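Both complexes below contain chain A, partnered by chain B and then by chain C.
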Partner chain A sequence: MTVNETIRQVVADHGRLAVPIESLADGDDLFAAGMTSHASINVMLALEDAFDFEFPEKMLKKSTFESVASISAGVAELAGT
Partner chain B sequence: MSPSTSEPTTTDGEPWAEFRRALLDQGILLETGVDGIYGRSATYESVVEAVDALAVSAGADLGAVNLRFPPVMPWATFEKNGYLESFPDQMGSVHSFRGDEKLHAELLRRTEAHEDRGPLLDATDIVLCPAACHALYPTQSGTLPDGGRRFEIFGYCFRHEPSQDPFRMQSFRMHEFVYLGTPEGARAHRDDWITRGLDVLGRLDLEVESVVANDPFFGRPGRMLAANQRSEELKFELVVPVFSARRETAISSSNCHLDHFSRPFAILTSDGELAHSACFGFGVDRIALALLDRHGTDPSRWPAAVRGVLWP
Partner chain C sequence: MTARSAERLRVGVDLVAVADVAASVLHFGDRYVRRLFTPHEIDCCRRPARTGDGSVPYSMESLAARFAAKEAVIKVLRPTDGQPDWRSIEVHRLAGGWCEIRLSGRAAVLAGDAGIDDFSVSLTHEAGAAAAVVVARCRVIERTSTEEGDG
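Let's turn to the complex of A and B:
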């Protein structure tokens, strides 16, 4: 799986979206698509498992997880370090 | 973990040390041997009762349904409302003994020897209420009338955060005004109560102001919940400066829960949408303490204007 596919799988499994992940573009707002704050935490923890890293404190905020694109940017930043 | 035997901790130098000493020396609060659990004198209770009556008067025009719940609630409520996810370290679980005579003898032996009694006790199906309004939501499943519903609830709350700071009691009382209805109605309730709270507490000559706040959510995920709560400005606290250090201390809070409580208990608006809820909680013990800190530990000598508001 590509990074994008992995992220989409994690969001589909843990984000409790009201719509199928396939119907969302990378830039679409996941919270608007039904993801709750608690669900976003499960997404965060599942991403840490999937990519074997820990999000630093400064990234533990809503904007990091608001779209597939914003998650990708975060993953890229952490993979680069 | 072994049973807690409270070791006396050094309090000198803490900002609250002098206030604590005054409260205990004058018998306003009584030590029990566990940090944050106190006996209360008639003087202290007279202040709490007056503060509580004032809180009630602040919402007297709202037609809120007045309810009371015991200081314990079902574990099942706890499971559903997310408390265990967010505040596992603050919960209080009620345990009891269900063993036979042999285990009973062992329990007594361990107690005498100050050994860990935990494994011999079983969790019951009740927990201590962490907030006065939590017991309400399961009773409201179904469809609300047009305009939603308002409730007034007074009760004992428990948070497991032992401290010798008198403002951080483990067991304390809260008087809440709760709204269940539309998202707009919930915001309006929250904002209206910030104004009401500032007004009524200001009449007690407290330097109260409203600030954006967050709950102490547990762990790394909790830091994200706290950041979200702040960025969405869901929680406001009414704070006052206390002690000579003028430490900012919350004495009330006003909160929008979005659909956090209506979703697990299927509470719907008259349009069939998931309801939103909001609550304003007067921390009546903390307000009483703030008054004792600001005006002195002898209420009979408080300014006439403050006494006039509390004891009209």
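Let's turn to the complex of A and C:
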């Protein structure tokens, strides 16, 4: 599974979206697609499980989790790539 | 130009489904609890362990109400560049059972920047939902031009 596919799977499993993840482009707003603030915490914890890291406080921004693309950027930053 | 100190109120409210919090606790366990709540809050939400019956050691309604309070405080703080750690916003239960908001870290800095010097919080839960209302008093400096003008 690629990083993008893993992120999409995590969002699909924990984001409580109102629409299928397949219908969203990488840049689409996940909060506009139904993800609540509480669901974004579940996404964050599931991403930490999937990639074996911990999001630091400076990345606990709504903008970090607002799209598949922004999550990918955060994952890349934490992975040092 | 003249300046005077004035008071303003800010209100934040949030509603959380208790089932959502329970599902998170069941899925992520103590990691979820420790990531969001302070040791004091965790102690307040603990309930006696009953081994062998599959029960969880926390009141989900109490956890959900506290999470709602944290979200309500964030709405009052109105951060523009990232939100503070959830644990820097504590719902502190007093001896009489009433709760107050205690801030630390970045949440305290945000409150200071906004001129907020007092919070009041009320928690409730019923029919599978938990809610919190937070009211804060802000002291702001208002500047008004004098009749003669200042330049």
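Heads up, the rule we're going with is that the second predicted complex is superposed on the first by the 80 of 81 C-alpha atoms of A that agree within 3 Å, B and C clash if a C-alpha of one lies under 4 Å from a C-alpha of the other, contacts with A are read in each partner's own complex, and residues count from 1 in each chain.
In the analysis below, a residue touches a chain if its C-beta (ideal position, glycine included) is under 8 Å from a C-beta of that chain, and two chains touch if they have at least 3 such contacts.
Everything numeric in this text was worked out from a predicted model, so none of it was measured.
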Contacts of A:V3 with chain B and chain C, given as first, second, both or neither:
neither
A:L78 contacts which: chain B (first), chain C (second), both, neither?
neither
With both complexes superposed on chain A, which partner does A:A12 reach: first (chain B), second (chain C), both or neither?
neither
A:L60 contacts which: chain B (first), chain C (second), both, neither?
both
Using the touch definition from the top, say if A:A39 reaches chain B (first), chain C (second), both or neither.
second
Which residues would you name on chain A as touching chain B in one complex and chain C in the other?
37-38, 41, 45, 57, 60-62
For the complex, which residues does chain B have touching chain A?
82, 85, 220-221, 223-225, 227-228, 231
Under the definition above, what is the set of chain A residues touching chain B in their complex?
37-38, 40-41, 44-45, 54-55, 57, 60-62
Quick check on the complex: what are the chain C residues that touch chain A?
16, 20-21, 24, 27-28, 31-32, 35-36, 67, 71, 81-85, 106
So in the complex, which bits of chain A are touching chain C?
16, 36-39, 41-42, 45, 57-63
